[in-house]
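Each of the next two complexes has subunit A plus one other chain: subunit B in the first, subunit C in the second.
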Partner chain A sequence: MLPKVLALVSIGRHPQSGRERRAEQDGRAVEMGLCLQERQLMHLSVAHAGNADSSVLRQYAGMGLSKLSVLAQQANEDVLSPLIDYVEAQQASMVLMGVRSEMGQSSGMLPYLLAERLGWPLLPRVAEIQSIEEGVAQVLLALPRGQRRLVSVALPFVATLDNAAKAPRQTAFGPGQRADIEVINTTSIADEVAAQWQFTPAKPRPKRMKVVKAKTAADRFKAATAKPVGGGGKVLKNETVEEKAQAIFDFLLEEKVIR
Partner chain B sequence: MIFDWLIPSLIATLLVLAAIGALRRVNFWRAGQAEKVDMWAGLLAMPKRYLHDLHHVVERDKYMSRTHVATGGGFVLAMVLVILVHLFDIQSRILAWMLLAALGMMFCGALFVFKRRLNPPSRLSKGPWMRLPKSLLTFAITFFVLTLPAAGILPESLSLSNIGLTLVSLVLALLVLLSLGEMLFGMTWGGPMKHAFAGALHLAFHRRPERFGGGRSTGLKPANLGGESHGVAKPEDFKWNQLLGFDACVQCGRCEAMCPAFAAGQPLNPKKLIQDMVVGLAGGTDEKYAGSPYPNVPVGKASGSPQEIITEGLVSADTLWSCTTCRACVEECPMMIEHVDAIVDMRRFLTLEKGDTPNKGAEVLENIIATDNPNGYAPGSRTHWAADQNLAVMKDVKKAEVLFWVSDGAFDMRSQRILRAFVKLLKAANVNVAILGDEERDSGDVARRLGDDATFQSLAKRNLATLAQYKFSTLVTTDPHAFHCLKNEYADFDQAGALKDVEVLHHTTFLNRLIEQGMLQVDRFKGGKVTYHDPCYLGRYNGEYDSPRALLSSLGIEVAEMERSGYRSRCCGGGGGAPITDIPGERRIADMRMEDVAATGAELVAVGCQQCTAMLEGVVEPRPQVRDIAEIMAEHLVEQLVEHTVEGAA
Partner chain C sequence: MTEHEDILRRDPRAEWIARNRLHPLHQAMTQVSAVVRGPSGLIRKNPHQVGFIGPNGIKRIDRLAGNGQTATGAKRRSSAAQEVTLPLHQVVEPNAYIIVVPDMAGGRLTAQDKDILGLAHELAKQRKALNADENLAVVAVCFGESKEAQFDEAGVDRLIHLLSAEYEGFAPEKRLQALLQIESIYQPKHWLFPDSVHGGTDLALRLAVKLDERPAAQAWQVSIDTTTCRAASGSQDIQRETPRILMILEECGQAIDETRHEVLPLALEVESSVEVRLEDKGLIAVDPNAVPLAEAEFILSAGNGIHNWQQFHDCAALLGATEGASRVAVDDGYMPRMRQVGASGTWVTARVYVAVGISGAIQHMQGIGQCDKIVAINTDAGCDMVKRADLAVIADSEEVLAVLCRLAQQHTGKTLEQTETTSEVSHVA
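Moving on, here comes the complex of A and B:
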């Protein structure tokens, strides 16, 4: 019996038209799941928490899924608990999902909360799963500027997919239409915290100017490609946990992330 | 005498075998899907379709049309008379003389068939087809000799010894067996003469009867959505009369000679494709195929059967995606076979069921679904090109005489120059015109040609719902692809009648009317030599060859015609989603077309399509310049502002 991988998908939003679409990273999660299934490493199931009527679900199914499960949820409900229940009921040993949703709060918190509640490690921004042997996966994480980090992690774990992962395959209309969309009724927990919030349209944040003073083409190339070397950065290795935390806290203050 | 029973029984046996073969063949076709055909009307119309419509196509090759009239006509007449004279033994000198005349005519025709086969052009299939003229000659000669006694030219009993007579009889019987075997047995058991049997029925039960009698039927048939499968996966998924159509192929290779993809060395040959379909419907391999292969694809490896998936062993997907849907093969086919329908049917399976559209296909389809345009631009930026054009938008004015369908050229800076030129002309002629603005969507042309009929139908329905809200009597567009969809393909989905009383026109037709009515005045063109490239979707798809030429002549241009122009125009390579699927070949179709242009010595090639403009301008310089007719007109427009004021004052 193959271990189970669960791909969680959301409804995406096209950046130009604002229309619903297959979310880029969630599509990659399904693609990775399908690849794992085709390599006979894991068995894939796909789930969505939300509205079962969205035509986008058919687009995911059109990638070659015979079944897609929907945890029926309203827009104002908190999907975390039903998802935890579902992951546990499915006895999944790997959860794949996008880094953040393309609509709604888009906080990117869900994978972290899921991993925390499940007590599983979280692998952020996975580019590729190279192998799974005896319950240990060799995973390539995507780092900025095309760099990769190879980690080996024991199942189970939660992983988010980077855009560097394999692009989702084309969706086919026919199989998508014929796929079984299974609606699972779950307890609905209203997201009371979010209900208190006031939503305002996002404003583009000012970008930090990067002044390149390079004189030669080689310097400009280096400036454009090299990893920025933070002059003010500090490497804390042997300090105590308190000192490390203080350093982070000071940095956040300095960057005005917290006031 | 040995003749008395041998020849009639030979004829009878072959007739019976032919009838069995015919039933077997009919069963092959019946494996296809049901399609409603008015059988009796078709059968009744068949002779006229053959003598008029088919002959009209064959007539383009005068040599072959005369040869075929003599051979085919002579054979049909002779065969009927052979049955009367030699099988039923009707003793009539008149009949015998008529038979001799028919055989004589057939013999003359067969001589020319023979001559053509001495050094056949590469487009003709060889193999059994090389045998056919000999069989025809043998048939004519043998029955001529056999009929001589009946005509009273030779005495019934020759002064030969018994042995001699028997020998002559046996030789003649052998020749009858060989030639009549080819003609009758071969006709229904897959020999070259199959084209006569299947061809006649194909004409009777053609899927597009509108094409006969000078009509035109070019819009694709809608796919049935929501079933267990979409498109054609296996030969048995074709309609039965499509299968019949494939069987009608006479392997003349005229399609091959016209196919731009074949010429470009892409893995497509329309003739081979149809022959592969025949292999599919009858089961077997393509080993016996004796014509040109798909470029760079060896013959003999393909096999299929009615229940096997076509793209898994019979035809490679690349072959299907090489087609530009230019319809040159269909236009040229003397058997009126519908190659493009079949190709798109099979593409539908690949896209809708397999999700396997090559190269940029998937991305383009996804963009069309999410943004209603193939490149994924913001739908809200569709009207940006017209920011300085002061055009009325339908949403505001609700009605106008003319609706200008802008098409996706709105997003492309080169195409925008065509749009602006056309708007300039419309304004000069004081046309009451409006556009849909951001309410317009992609016409669905590309999605449909890429096999995604679901997306096409969705776009068509939504566009029609938008159009139904407004009043206009004429719809005009500068894009022949949108023109074709709106004019010929939207009707299948137009329940509300949004385009029912609307005249859909291409801008060249519309501009020509304005010129004819004196609403527009243009100066004489003062450049060098000009040629005109007929866009496939304007010419072959919609029969508009004259208006663009009339417009050019109104500018004082005498068009230096290319060798391939009008209905034989060569595609620019931009249709059918071919630039998106981009199947590699040895050359680019656009380069070949530009060579055609350069061969006329023209400095400027006038076109009537933004896609053709893009493809031809993609050819590296130095080359002739490329302009849309609207652009040339706008450059030579005589502004009549003063006159209008005077008229207004008077």
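Moving on, here comes the complex of A and C:
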């Protein structure tokens, strides 16, 4: 029996129109799960905690899922404990999800809370799972500036997906409509802390201005007109070419851009 | 002192002596200076008295006389040239702490880190206004090796520097353990993290879960009682009470620029008992040219001063640098348009930018404004790129690149064919 991977999906928000959509990173989680399934490494199941009537769930299902489970929840309810129960009931050994939800609080806490409660390690911003052999996965993490880091971790674990992961495949409408959406009733716990917070439409953030703290008119004039000059840079002129190149190479090594 | 010097004081006796050529002191007084302040306060010059007789009997006029010493303009100029030493902000025997965990991407404080340190001092000021007994110190926690030399000007009162190699690279579990230890010893009032992909968010969330707190993510307006955070992919704001753990967006504080701080080390003994389940296998070689130019960390950029293009491409491959180009190199057809750096090309953010044979036209300089370190290779010592560069080499590009290629080969022990194949493999992977 193959180990189970569980992809948790949420309802996304289109950045321009604000309409509900398949969330970017959750779609990638499903895609990664499907790839693992196609590589015969794991068996995928997909779950959503929330409203079972949302049409977005059909978009996820249209990626080629025959079944999608929904833990029935109202908005503003704490999804953590039903999810933990579900993960344990499913005996999953990997949970994939997005870094931050596109709706609601978007604090990014859920994967960390899940991992903590399950006692599993968490991998942030995964780009790719290279291999799973004897219960140990080789995972590529996405770092800023397009860099990648290889981390090995034993199953089970929770992973959040970076946008650098493989883009989700297209969804097909018909199969999505035909997919079976299984509703699981759960006990619900209201999130009382967040109920006290005020949610308002986002205000534009003030742009930062360049403030010149000059005391005299001459300084202000200089700040307004002077070309930005680095100054104080080292200039090598009379050395041999070898020395000059060596100086550059040492500089690059010191800055750790050459490995 | 200086205020008194500025006040003009008349000396009636000296004036009288200056008027009276028969006075025995007249010669001595007037020789000091031919300039005298007249009775109405105007400056009077006696042209006959200007100058002195030099050693070989010739009259000399020192036009600096008087000016050289007293001219206020000269004084002001010299004071402007001096390095201003900022006043030192001291925290004696702190009894409360705000802890900032900067990203230190590339071993230095990022602009976001500095803003957050500024914000920490803002919070400290607000707390001080409420409770004057509180001696609050802003502590920075720095993991691994650091190249930062200006912690003091960034506003670090105390520094916890965990140098050991186990914190280098990807070590969230070790780092978390250290933070938990800090929590138990110092009981900080706030934990401030940059909300960034460099690991600030990750560490903050790990800590929040352990401490069972509800952190503020994507916070952008913070005071001691309320915090505003972005939510729902930037479409909503949440207003809430300020929690202990905050993840702060970019440009949400004013970096410190008017004080220096002590940067006293705080010791921290960390017992290394944590079970490490995430094993870091290190960075993977990625094809540098697959990295978007705007994001690339290390760019080797070619201009009109490159004549051997094959050598340039080889050098970039050996050094593992992303290729860039000036507009001339692109217009001449040696490089594709997507490689152009500058006003009408890409604005790059590289940490290290090596400009080979680029003169540094303003349109090009605009594109590299955000780069940290600039290296110039040019035959012209007077060009603008050399003036801007942190390290400039005045030599022929072809010769320098040849030696650089050789050094890179020696360093990695790889030949060109090998680097090309590995980069292809990692690109596919």
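Annotations
Convention: the second predicted complex is superposed on the first by the 202 of 259 C-alpha atoms of A that agree within 3 Å, B and C clash if a C-alpha of one lies under 4 Å from a C-alpha of the other, contacts with A are read in each partner's own complex, and residues count from 1 in each chain.
The rule is simple: a residue touches a chain if its C-beta (ideal position, glycine included) is under 8 Å from a C-beta of that chain, and two chains touch if they have at least 3 such contacts.
No experiment lies behind these values; they were computed from the predicted model shown.
Touch criterion met: A:Glu102 reaches subunit C, while subunit B stays clear of it. When both complexes are overlaid on chain A, the residue A:Gln246 reaches subunit C alone and has no touch with subunit B.
After overlaying the two complexes on the shared chain, residue contacts for A:Val257 are found with subunit C alone; subunit B is out of touch. In the superposed model, A:Ser17 lies in contact with subunit B only, and not with subunit C. Note on subunit A: of its two partners subunit C and subunit B, the one contacting more of its residues is C.
Once the two complexes are overlaid on the shared chain, A:Gln170 sits against subunit B while remaining clear of subunit C.
After overlaying the two complexes on the shared chain, residue contacts for A:Leu140 are found with subunit C alone; subunit B is out of touch. Looking at the complex, you find that subunit A touches subunit B at residues 14, 16-17, 19, 21-22, 62-64, 169-175, 177-178.
Of all residues in subunit B, only 225-226, 228-230, 351-357, 361-362, 365-366, 369-372, 376-379, 452, 454-455 touch subunit A in the complex they form.
Listed in rising order, the residues of subunit C touching subunit A in the complex are 80, 105-107, 169-170, 172-173, 197-198, 201-202, 205-206, 208-210, 214-218, 220, 230-240, 251, 257-258, 277-286, 290-292, 295-298, 319-321, 351-352, 354, 365, 369, 373-375, 377, 381, 384, 386-396, 399-400, 403-404, 407-408, 411, 426, 429.
Across the complex, subunit A meets subunit C through its residues 13, 15, 18, 100-109, 112-113, 115-116, 121-125, 128, 130, 138, 140-141, 143-154, 157, 193-194, 196-203, 205, 208, 213, 218-219, 227-231, 233-237, 241-242, 244-249, 251-253, 255-259.
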